[in-house]
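Report on the structure given below.
A, B, C and D are the chain letters, set down in written order, and residue numbers restart from 1 in every chain.
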Amino acid sequence: MRDILGIVNFENEKVRVEGLSNFRSIPAISFLGRYRVVDFVLSNMANSGIDHMKVLIRDKPRSLIEHIGIGSHYNINSKSGSLQILYSDRNITNKLYFTDVNLLNQHSSYIKHSNQDYVVIAPSYMICKINYQDVVEQHIKTGADVTAVYKQIDDGHKRFIGCEEFDIINNRVTVIKDSHGSTSVKNISLETYVMHKDFLLDLIDEASHQSAAYSIASFLANNDNIKYINIQGYKYEGYLACINSLEEYYQTNIDLINYEKAKEIFSHDWPVYTKTNDSPPAHYTQRAEVKNCMVANGCVVQGKIENCILGRAVKIKKGAVVKNSVILPNAIIGEDAVVENAVIDKGAKIIVNKEIIGSKEQIAYVRRGDTI
Amino acid sequence: MRDILGIVNFENEKVRVEGLSNFRSIPAISFLGRYRVVDFVLSNMANSGIDHMKVLIRDKPRSLIEHIGIGSHYNINSKSGSLQILYSDRNITNKLYFTDVNLLNQHSSYIKHSNQDYVVIAPSYMICKINYQDVVEQHIKTGADVTAVYKQIDDGHKRFIGCEEFDIINNRVTVIKDSHGSTSVKNISLETYVMHKDFLLDLIDEASHQSAAYSIASFLANNDNIKYINIQGYKYEGYLACINSLEEYYQTNIDLINYEKAKEIFSHDWPVYTKTNDSPPAHYTQRAEVKNCMVANGCVVQGKIENCILGRAVKIKKGAVVKNSVILPNAIIGEDAVVENAVIDKGAKIIVNKEIIGSKEQIAYVRRGDTI
Amino acid sequence: MKTEMLAMILAGGRGTRLMELTEKAAKPAVHFGGKYRIIDFPLSNCANSKIKYVGVLTQYESIVLNSYVSQSSFWGLDGRDKGTFVLNPREKVTGFSLYMGTADAIYQNIDFMDQYEPKYVLILSGDHIYKMDYDHMLDFHKQNNADLTIAGLTVTLEEASRFGIMNTNKDYSIYEFEEKPPVPKNNLASMGIYIFNYDVLKKALIEDAPRKDSAHDFGKNIIPNLLNEGKRLFAYPFAGYWKDVGTIDSLWQAHMDLLAQGDPLKLDDDNWKIYTEDIPTTPQFIGPNACLKGSSINQGCIIDGTVTNSVLFRDVVIEKGAEIINSVIMPESIVKKGAKVKNCIVKEKQLILENEVIGSDDKVELFTSREVK
Amino acid sequence: MKTEMLAMILAGGRGTRLMELTEKAAKPAVHFGGKYRIIDFPLSNCANSKIKYVGVLTQYESIVLNSYVSQSSFWGLDGRDKGTFVLNPREKVTGFSLYMGTADAIYQNIDFMDQYEPKYVLILSGDHIYKMDYDHMLDFHKQNNADLTIAGLTVTLEEASRFGIMNTNKDYSIYEFEEKPPVPKNNLASMGIYIFNYDVLKKALIEDAPRKDSAHDFGKNIIPNLLNEGKRLFAYPFAGYWKDVGTIDSLWQAHMDLLAQGDPLKLDDDNWKIYTEDIPTTPQFIGPNACLKGSSINQGCIIDGTVTNSVLFRDVVIEKGAEIINSVIMPESIVKKGAKVKNCIVKEKQLILENEVIGSDDKVELFTSREVK
């Protein structure tokens, strides 16, 4: 097993999960009840035997810093490993100039002085299950400059819009472009790159000289650069979702209620780690009716729930009916309230008898801590 | 013992430790060899039985976040206690408006929902040894709105310039003003306040309504406010230093080499905690000459040192002569180099034969990582 | 290392009445409440009462218990000035012997206790389910200027003869202590929770140790002796939920209490959490055919059957059409399609076959006979 | 809980030749190197070799050692999938007995090892000072497709008869193992560091256990038996600094080695740190009258005297005019004005009076006779 440096990247400036991302950064958003979005990439790294990680943060650092801590719940030991949060010391008011290249450039000495030869850079907002050791092995075997992970999809006309797609010839990535949903079958980029540490340092240096607005992805995508950089594709076959809008957030949650689907990312030999809270098991009263749900500990269900995700310590009161909804931790759905096709943010209270009804096309959203 | 919420405040915008504070925030500056400035206030809190702390950060958070972590080396247990770092989620470009009031206002729900009734607010850049339990006991007994800690000094014409001083009548603080060094005997504020949690919340609310530029200190100092707020003084008798300039930083380090003086802040029943690094003991070779020094672990001394503070893993090579200087961790003083009246920042290298000579009036400073 | 009150947990019990559940684990390591082990309760009580050092005295086959207890971080008892310590019998200059009784177990660890120079020592049992603030009990002990304070529970008069019974004055001072009296004068029972002034405890243990006629037991020897010597003994009345889960029936009953009484232990209380090991699992999946009523279900479970009045631990699978009634299913057990489980405790990692029926209407059964491969 | 290679450290030694230093502590807990305890070396080697689970087998009077070893965070062996575990003798269904020999100690903990389903088990001694990457040794073991690999050190022929001596072929396969041979054929000595295939180890231990004529010892019984059975045994040659500090003289000599050989253990190497307890102390103060030559001095020391070729542990005070020569001063000892200490090991918390002279020119002395009040 190789000693790899893991870098968790932030999303690009176009990504926005309407509502939820007003209150915290995307990696810190509650996901599938008991997790945060960032848990998946960090667990992939931990399960790949990576115990030196850097997490890049663009904004709203507090909730992410609190959730990640020093990484001990991702099996990072403070003596043998390290998890370092990299945040900009400079005031960058224009989001366009707040890129991963810029941030890595500020902290390049930490990359330079790390003991690891190879680096994997992966974004926090892609949900997948991947062993980065395999990517590094392929990278070394092919002698590529960069190995970029992609998945061939056939529903590109409706999903992964706004992601990047690759043209690939003989396994080499020749074109990187935005995915607009015009075709169904395409190679979606997981925005996950493996390269030698020295190559990354050169890339950062070169990119920041060429333009202050370059990100790693946009630098590689540039027609002049991609000609000279040997980017090999690594084909990923597993489950993939990208949390880049409220709709994708909602749909990914709902899709994974199905256990057969969820098995693609959850298995006992590849645990998804998260910060836990010592909550008691979920409790269902005599009047509970529950079908097709994913329920976190600490919940008390007295009403009816169907096709729902319940975060930690959610309370569903008597007579309440909740369908096709994502309820974030500590929210309370009052007696006889009705909630459908909604995302209820953390700690919100839906009062007695209230109806919150969205549709598949227009998900209803209730803000953090609001009482409605 | 009362359950108290500890808040570590940042310095006001006038404070600047020339050179050193370009690279990290003042609380993160290396101090007395093995410590950081912030260790003293955090240890005072830990030794006062406080295990819920908030640390306010204004800028350059990385090195402070790394040093503090989740507070385990200050005896904060992740189950029974908490250390939360509060950083602004907003972009505030004008430093004048980046006040403690502003930051606490952004995060006031964390204060509101804490289980503690009393709050102690203390700055990171004052070096002292104080049991906050005693201040809280006096606070409760006197029924004050605010209890403010001060020390009566007699060298005010040369030290603590730029700090605040109190006029006190019958133990009540009647005037708070800047200390300009015009008189010797005065009551210097430790910028340490005890108040009820509810009073703090009201104060934050009121201050931010009155002016966006108010800090807690400047709000209390306002002539209209101080009339109505019962601020009682708590007289502190122990050692006090304030790290608010390069000169004070240097002088405080050098003063504390004297063990009789240092005993005022170091004792076995009041440990100063810090993040450690598993360095071996300091090693002195056959040619070492050492007088009046404070030396951290990991150092190797082959030359001559006198009146110096050596940070962790500093190397003093053969023939080097270092006097009256503060050497930060990992710095190397090359063979036959001469260093006097200097502050050598972290990881700097002074090459063979080089002379770095400052004076008491003009301390020499070598920047972090520089090779000279 | 100095500490005001040190806790010592007697966790040596083989728990033979819990039968196969304790085959490889001591009784305090038995699973409880859908998520916990029994010893999580005294250990979490210690952590929440701000006790810093806890010695756990184990003896029998205690690999599972020893490994578990030594992970002090589970209860937030890790760190610079804290810790849990497993105390097995050790060889000494004077030779070696097993722990001969509750008092002897503490006696053999006087050197451990001395390290912390405690003013008070709290002695607990490792196999009781309850929440208690030992710091309040210490306040009570100090207010009474007591030498020994014993926590007391009001039991029915019928039950009283199974306990040590404390006969007290109005101020709760104890004038008589009767171990398992055939005709109890009173129904205030000792819970086996003691706060001793350490000097009094140490002297009593050293005096008791060489006595050939002593069972070296707190209830039978130490406490009566102290009363005879005129020491100040007080009863600390306790009112909350308390259960000794020493038999399969009482273990099952305690789980039914949890469900029927609406969280009598207040497991949901954020200010007095019961801490336990954090095992990474999958989320809890409830399938389209599930029917859940009056049940507590932990994370990692995959449920597509009917679960009524039951407690399911981590990673239990209940397939479509299976029915679980009034039962306790321990971690990683699998109940296949159409099976029926009634009034049972199913040990961890058990497999119930398709359409298998286990349990009966009139008694509680323990299922331990088929491990998952 | 599954792990590739589990480590088991034999730390039961009473260390009688270290005399009063082990009065209340087992030998592996003895202080070493200005900052460490002996057992920090094997434990840090395990941590640095990425071994996750370490069992530490203790027996004699081991409160200090048990408490110390159970703090797995000292070596970064804490966390979800890691741990140090103290393994005292336990009562079992089959009864109870002390560890009768090195092999019996491991045998009695087969249930502990089974939990982790290891492919390999690394067996170490808790009282040797060295740095070794056990992961490299495991690579060597795998490459040779060995059943057992024994780390070997080249000693002088005079010393050889104190060790188990391995007679090997060119490829380091062992054809003969002689425990303490009077006339050694070779000088490749066993360091008591073994990597076993777990299935081979388990079978050998189970077969050895009932044999009445066996000393249940690896060197005397298990290894010769495996050779007889035709198993593949290899010697793994080790080249670095290694010291058995079993006597006062060798403990002192090891400290002098540290000073004279310029850090032979590379304690300064950031990539292979020796981890230890982090005790908060004051900084190290060197006063105006100090003279320090060829010495290692830990934090918390306050020095105003002369220290030459000596190792000073945490919180040692050397007053003005006092002189320390070729000595080892353990934590919290105080040397008063004008005193002289030469060729001594001073136990922790000792007081040397004003102008007192201890130690002599021609031999090493242990000072343990006056505790600081």
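Observations on the model:
Following the convention adopted for this analysis, contacts are C-beta pairs under 8 Å (C-beta built on N, C-alpha and C of every residue); 3 or more make two chains touch, one makes a residue touch a chain.
Just so you know, these numbers come straight off a predicted model, no measurement behind them.
Set against the Cα centre of chain B, the chain with the most distant centre is C. A count of contacting C-beta pairs for A-D and for B-D identifies B-D as the more extensively joined pair.
Averaging Cα coordinates per chain places chain B and chain C 46 Å apart. Centroid to centroid, with C-alpha atoms defining each point, chain A and chain C lie 41 Å apart. Within chain B, the positions touching two or more other chains are listed as 72-73, 78-79, 273, 278. For chain C, the set of residues that touch two or more other chains comprises 73, 78, 80, 273, 275, 278, 280.
Of all residues in chain A, those touching chain B in their complex are 59-62, 65-66, 69-70, 72, 78-79, 84-87, 89, 91, 93, 107, 109, 278. Taken together, the chain D residues at the contact with chain B in this complex read 33-35, 263, 267-268, 273-276, 278, 280-299, 302, 311-312, 315. Chain A contributes residues 72-73, 75, 77-80, 115, 273 to its touches with chain D in the complex.
Residues 32-34, 73, 257, 259, 262, 266-268, 271-274, 276, 278-298, 300-301, 313 of chain B are the ones touching chain D in the complex.
Interface residues of chain C, counted against chain B in their complex, comprise 47-48, 50, 73, 75-82, 271, 273, 275.
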